[in-house]
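Before we start, here is the structure in question, set down as structure tokens.
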Amino acid sequence: MISFTCDYTEGAHPDILRRLNETNMMQEPGYGEDSFCMDAREKIREATGCPRADVRFLVGGTQTNATIIDALIRHYEGVIAVETSHINVHEAGAIEFCGHKVIALPAHFGKMDAADLKNYLDGFYADLTWPHMAHPGMVYLSFPTEYGTIYTKRELAAIYGVCREYQLPLFIDGARLGYGLASDAADLSLKDLAQLCDVFYIGGTKVGALCGEAIVFPEGNAPLHFTTITKAHGALLAKGRLLGIQFDTLFTHDLYFRISRHAIDMALRLRNIFTEKGIPLYIDSPTNQQFPILTEQQMQALEGKVLFEVWERLADGRAVTRFATSWATPEEHIQQLTKLFLI
Amino acid sequence: MISFTCDYTEGAHPDILRRLNETNMMQEPGYGEDSFCMDAREKIREATGCPRADVRFLVGGTQTNATIIDALIRHYEGVIAVETSHINVHEAGAIEFCGHKVIALPAHFGKMDAADLKNYLDGFYADLTWPHMAHPGMVYLSFPTEYGTIYTKRELAAIYGVCREYQLPLFIDGARLGYGLASDAADLSLKDLAQLCDVFYIGGTKVGALCGEAIVFPEGNAPLHFTTITKAHGALLAKGRLLGIQFDTLFTHDLYFRISRHAIDMALRLRNIFTEKGIPLYIDSPTNQQFPILTEQQMQALEGKVLFEVWERLADGRAVTRFATSWATPEEHIQQLTKLFLI
Amino acid sequence: MISFTCDYTEGAHPDILRRLNETNMMQEPGYGEDSFCMDAREKIREATGCPRADVRFLVGGTQTNATIIDALIRHYEGVIAVETSHINVHEAGAIEFCGHKVIALPAHFGKMDAADLKNYLDGFYADLTWPHMAHPGMVYLSFPTEYGTIYTKRELAAIYGVCREYQLPLFIDGARLGYGLASDAADLSLKDLAQLCDVFYIGGTKVGALCGEAIVFPEGNAPLHFTTITKAHGALLAKGRLLGIQFDTLFTHDLYFRISRHAIDMALRLRNIFTEKGIPLYIDSPTNQQFPILTEQQMQALEGKVLFEVWERLADGRAVTRFATSWATPEEHIQQLTKLFLI
Amino acid sequence: MISFTCDYTEGAHPDILRRLNETNMMQEPGYGEDSFCMDAREKIREATGCPRADVRFLVGGTQTNATIIDALIRHYEGVIAVETSHINVHEAGAIEFCGHKVIALPAHFGKMDAADLKNYLDGFYADLTWPHMAHPGMVYLSFPTEYGTIYTKRELAAIYGVCREYQLPLFIDGARLGYGLASDAADLSLKDLAQLCDVFYIGGTKVGALCGEAIVFPEGNAPLHFTTITKAHGALLAKGRLLGIQFDTLFTHDLYFRISRHAIDMALRLRNIFTEKGIPLYIDSPTNQQFPILTEQQMQALEGKVLFEVWERLADGRAVTRFATSWATPEEHIQQLTKLFLI
């Protein structure tokens, strides 16, 4: 049985395991003060073109989202995000748990539209009852989105422009950042992205690491006492070295980008299988998640042989499914899938 | 200048002030243990037909909503409500402030539809990722709604049926309950309503009192330690007598219902003014709030003479406005308005 | 039966009820924007000697404490207070409810000592693990304290000096402020107090009002969007006039100070009864709460005739009790008590 | 330079790294549903003698404490713990962050006394104002404590007896559980401990793992929807395999106990060095943390050669210090330290 259910079915890139082994008995301080975190920070500063960046390592995505959002806004403020965003749907209410409303805008294949954002903000302050409403305190989006789509440089700049007009920080969730930047459809680099927001994170969990997300405050603009905030969220790892070693490895010799590209290559081959078989795609995703619409018969043919996710049942009996590739997807899995579809 | 901006522009019904005067120097215990609260509870038990009811008095609407919701659900649970509901829009995020997501369903002129509710719940548990989502923990609706509309007995029963199917408590916000029940369109009584939910409150602030909302748990089903919960929310009034005296008065000789009916009578006369002048109504509201669509010219004619709320500007330059009557609206205000429109 | 259990057993000062009657049918806007609130604010600015003061009216003490504290500090910060303080003991955890630790210092008959405060703060920052601890974000004290004691001007200045050294705002809970300032032991005025803190409130509930606390930010230094914060706490009263009228009345012709002084006069007479009978006082309280230590026999003699609070049972069978006077205590109650003790 | 600063200065036990390598490319589901977590759960059920146990894996200690506490109690409830406990001092207010008060009892060398607990609870319910106070909702203690001390079976049973009398769940923080159970002073086993509480966790981070804590609900008594609660706390690891593999390894061939014992052996040798040199110990700790009181001269002799923690400066210039051993402490570090003290 092979699996395309998600991009976290395997462990870590072998280089990471090797480094964990090599450094294992070295004595290092805890809580992110170790030499590996220092090195990783320096490499990330270079990769993002942000020499003054404040870089922090947390363990997982939901944790990172909740910590950053809660750190940036006040108790009575909410975070603007699209309806289908991870924070609005799949984080068990972790943002509200910290006291903040998720203010939902319409999603366009998972993406926020700068005009929608501006309309909402104009409308908010035009409404005389606004002091009685949860205030917009920041903007959240993810790159790529839940639907595997990505923002163009122009789209992102437009959103960031609105944010600056309203003095709202923009936060980019990069749980799958590598897959977004490695896409053929991407017209912006990591350095570009770092200039188009106030904080973002580089996802490790889904891109080669056992766990870990690297938060980047491009201008060294982390909120005061961010370590304490992280601790209060239960998000400060004692053996920070585990995160430092992983990101140090991922940002050595462009490993992060190379393995991200591999996932895209595999996704393009998946896509070819589907399109060659005349299988429609629900969304034209340029990243590592593909959304073929399969018939019952097609799904039955795969049963017991290939795992994938069913996103939505359509009225005609077909299903929108998700096939994800990753840094770890072996070519032979693609070949096996090809064979199954040829039958 | 006369005002139709809202239903809380005056003080209290004179009977209430008289009672406050009469009882003023009587020494009574605090925190709702006074004899007036006891009497008021008894009268409300009778008026609601719920001899076992647990009745609590809080000060204001947002406070009452937040306290009840936070008392009924767990930290990881959210409350289902329509998009336009007061808790979702006009309470400054007070529900999220306590850690709970407001799960928004579509609104139909301010009302929730039982089918929408069922669809949402069916869909929630059909989605295999539901453990990763904020759980629906209860259902909230208001009677009347933000748009002045009310549920029929059948509609409410249908919603309550879905709630029971999914074992979710139903909470009815009755900030304007009197105006809903006194409406000609109402086909249910206070006693009926008490049978169709798990908790509701009888609004005092907008119906004759200086402040105060009477929470009713029809079967004595208040959550354990509700007094402590109320205190933790900063919602336990030291001089509970202020609330007890007011509700005791409101539920003596049907005062609550009589003054509610007065507001409806005045609203019907308002409505007649608009319809006779050919002014369209945005919503066919059977309660104390009327929503005429006025032209710029019509609004200018009223400027400096009558206050009302502008809800929404339409593309054609007209505006959806809100005119609210209340227990306190004098007939002469209606007459003055009539004259202004005759010009 | 007469009661000395607390200072909130009666309704409101008759002047307040009269004003409520006189103004009852005047139409006024809600949420503290009414003309009475405006007038009351102006009078409070004058009484406190703070022409730039931002004055807000909330309903009750716990609510006011939670709202101010949550408004002034960040999610990871706590509030420093003495162990016996109201926020640490008798508010059902309302401060922690909002996410903040109450950092408890030793109490000296209910009071905080400036040296203790400084020691704690020095120690906090000397401890290298401080980023792992809840940060001190502000200081809270009450005037008078839970034990009826008050700070001298010098003591308060010393505490405020430490606060400024560490850039921590000082908040004074004045639930019984009138009784503290009217005490013979007080060597500071309302104007002095306003210069020795960053925010305080003037208690109405226990000093002549039906409800209400007037928050004063002496330099107009209310946190941004304080109205929204208040709303999110469920603490924004719709009919703000109820609070405005009461404080306007209390600050007309020095009513607040005159009725506070009456309570002190009655307390001194109470005190005389006890000392003349050789009854020891647990604390030498100069305000409206007196703490006689009564024998079982003495308590039995009062049973069924006088109500008071038992604070603590001593090992020898006696009890520390609390007798509170207030603006409303009639002289005849004192006379009745005198007679009971003469028996 | 060698370090005795804490028990998390190295990576993981080599067996764990080996298993991570061996299993790396196996495809497994996320969120703790992988086969390694299944195996680890089974082994922990056996080791704890709890066949019905519900076992969950979280990442770190503060996170685990906050998640369990928030899951077990209601919003208005607090957790009882000793003053010096980790949750009260060193978790940046993470418990209050979730809305709960830490109710502090006196600590006796880090330990809670059953009599103190009973006194507090008796006193709480004897105080008529208890509905106005944060309710005790559960009891927390750690084994070993912050001071390296451990409870005897009888002491723990006494505490658990009080908990059951008051129907409060008892939660044991076992961040260093192995070191406590392996101590010569321990008169109880893992199986005993599992019978003397309602929930506990087996610490991995400080006992051989890169990260991870295994929560055990001995009777399968996890709160409903604990996975969702974990997610809402940002504590649900996507690649749960990382935790499963580690605990599976630690509970294979008694590795957890063997490496814990090694740390104790090394601590005993440390202790010998100190006592032989006539260096007093601040606390008679039977576990992996030792607290020698060093003179300035002694500390200078170690400077630049050995790292350790300074806990507290004494008035006479000496300092209470902490030296921690762990599963990873090599004998040669002990030998080096011996030599330094011989000089």
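Some observations on this one:
By written order: A, B, C and D. Residues from 1 in each chain.
Keep in mind that, in the parts below, a residue touches a chain if its C-beta (ideal position, glycine included) is under 8 Å from a C-beta of that chain, and two chains touch if they have at least 3 such contacts.
Computed from a predicted model, the values in this text were never measured in an experiment.
The chains in contact with chain C as well as with chain D are A, B. Chain pair with the larger contact count among A-B and A-D is A-D, by C-beta pairs in contact. The distance from the centre of chain B to the centre of chain D, each centre being the mean of the chain's C-alpha atoms, comes to 50 Å.
Taking each chain's centre as the average of its CA atoms, chain A and chain D sit 33 Å apart. Taking each chain's centre as the average of its CA atoms, chain A and chain B sit 42 Å apart. Of all residues in chain D, those touching 2 or more other chains are 75-76, 91-93, 97-99, 131-135, 228-229, 231-232, 236, listed in ascending order. Chain contact summary for the complex, chain B toward chain A: residues 75-78, 89-93, 96-102, 104, 129, 131-135. Taken together, the chain D residues at the contact with chain A in this complex read 2-3, 5-6, 8-12, 14, 17, 20-21, 23-30, 59-67, 91-94, 97, 205-206, 210-211, 228-229, 231-239, 241-242, 328.
Contacts from chain B toward chain D in the complex involve residues 70, 74-76, 98-99, 131-135, 225, 227-229, 231-232, 236.
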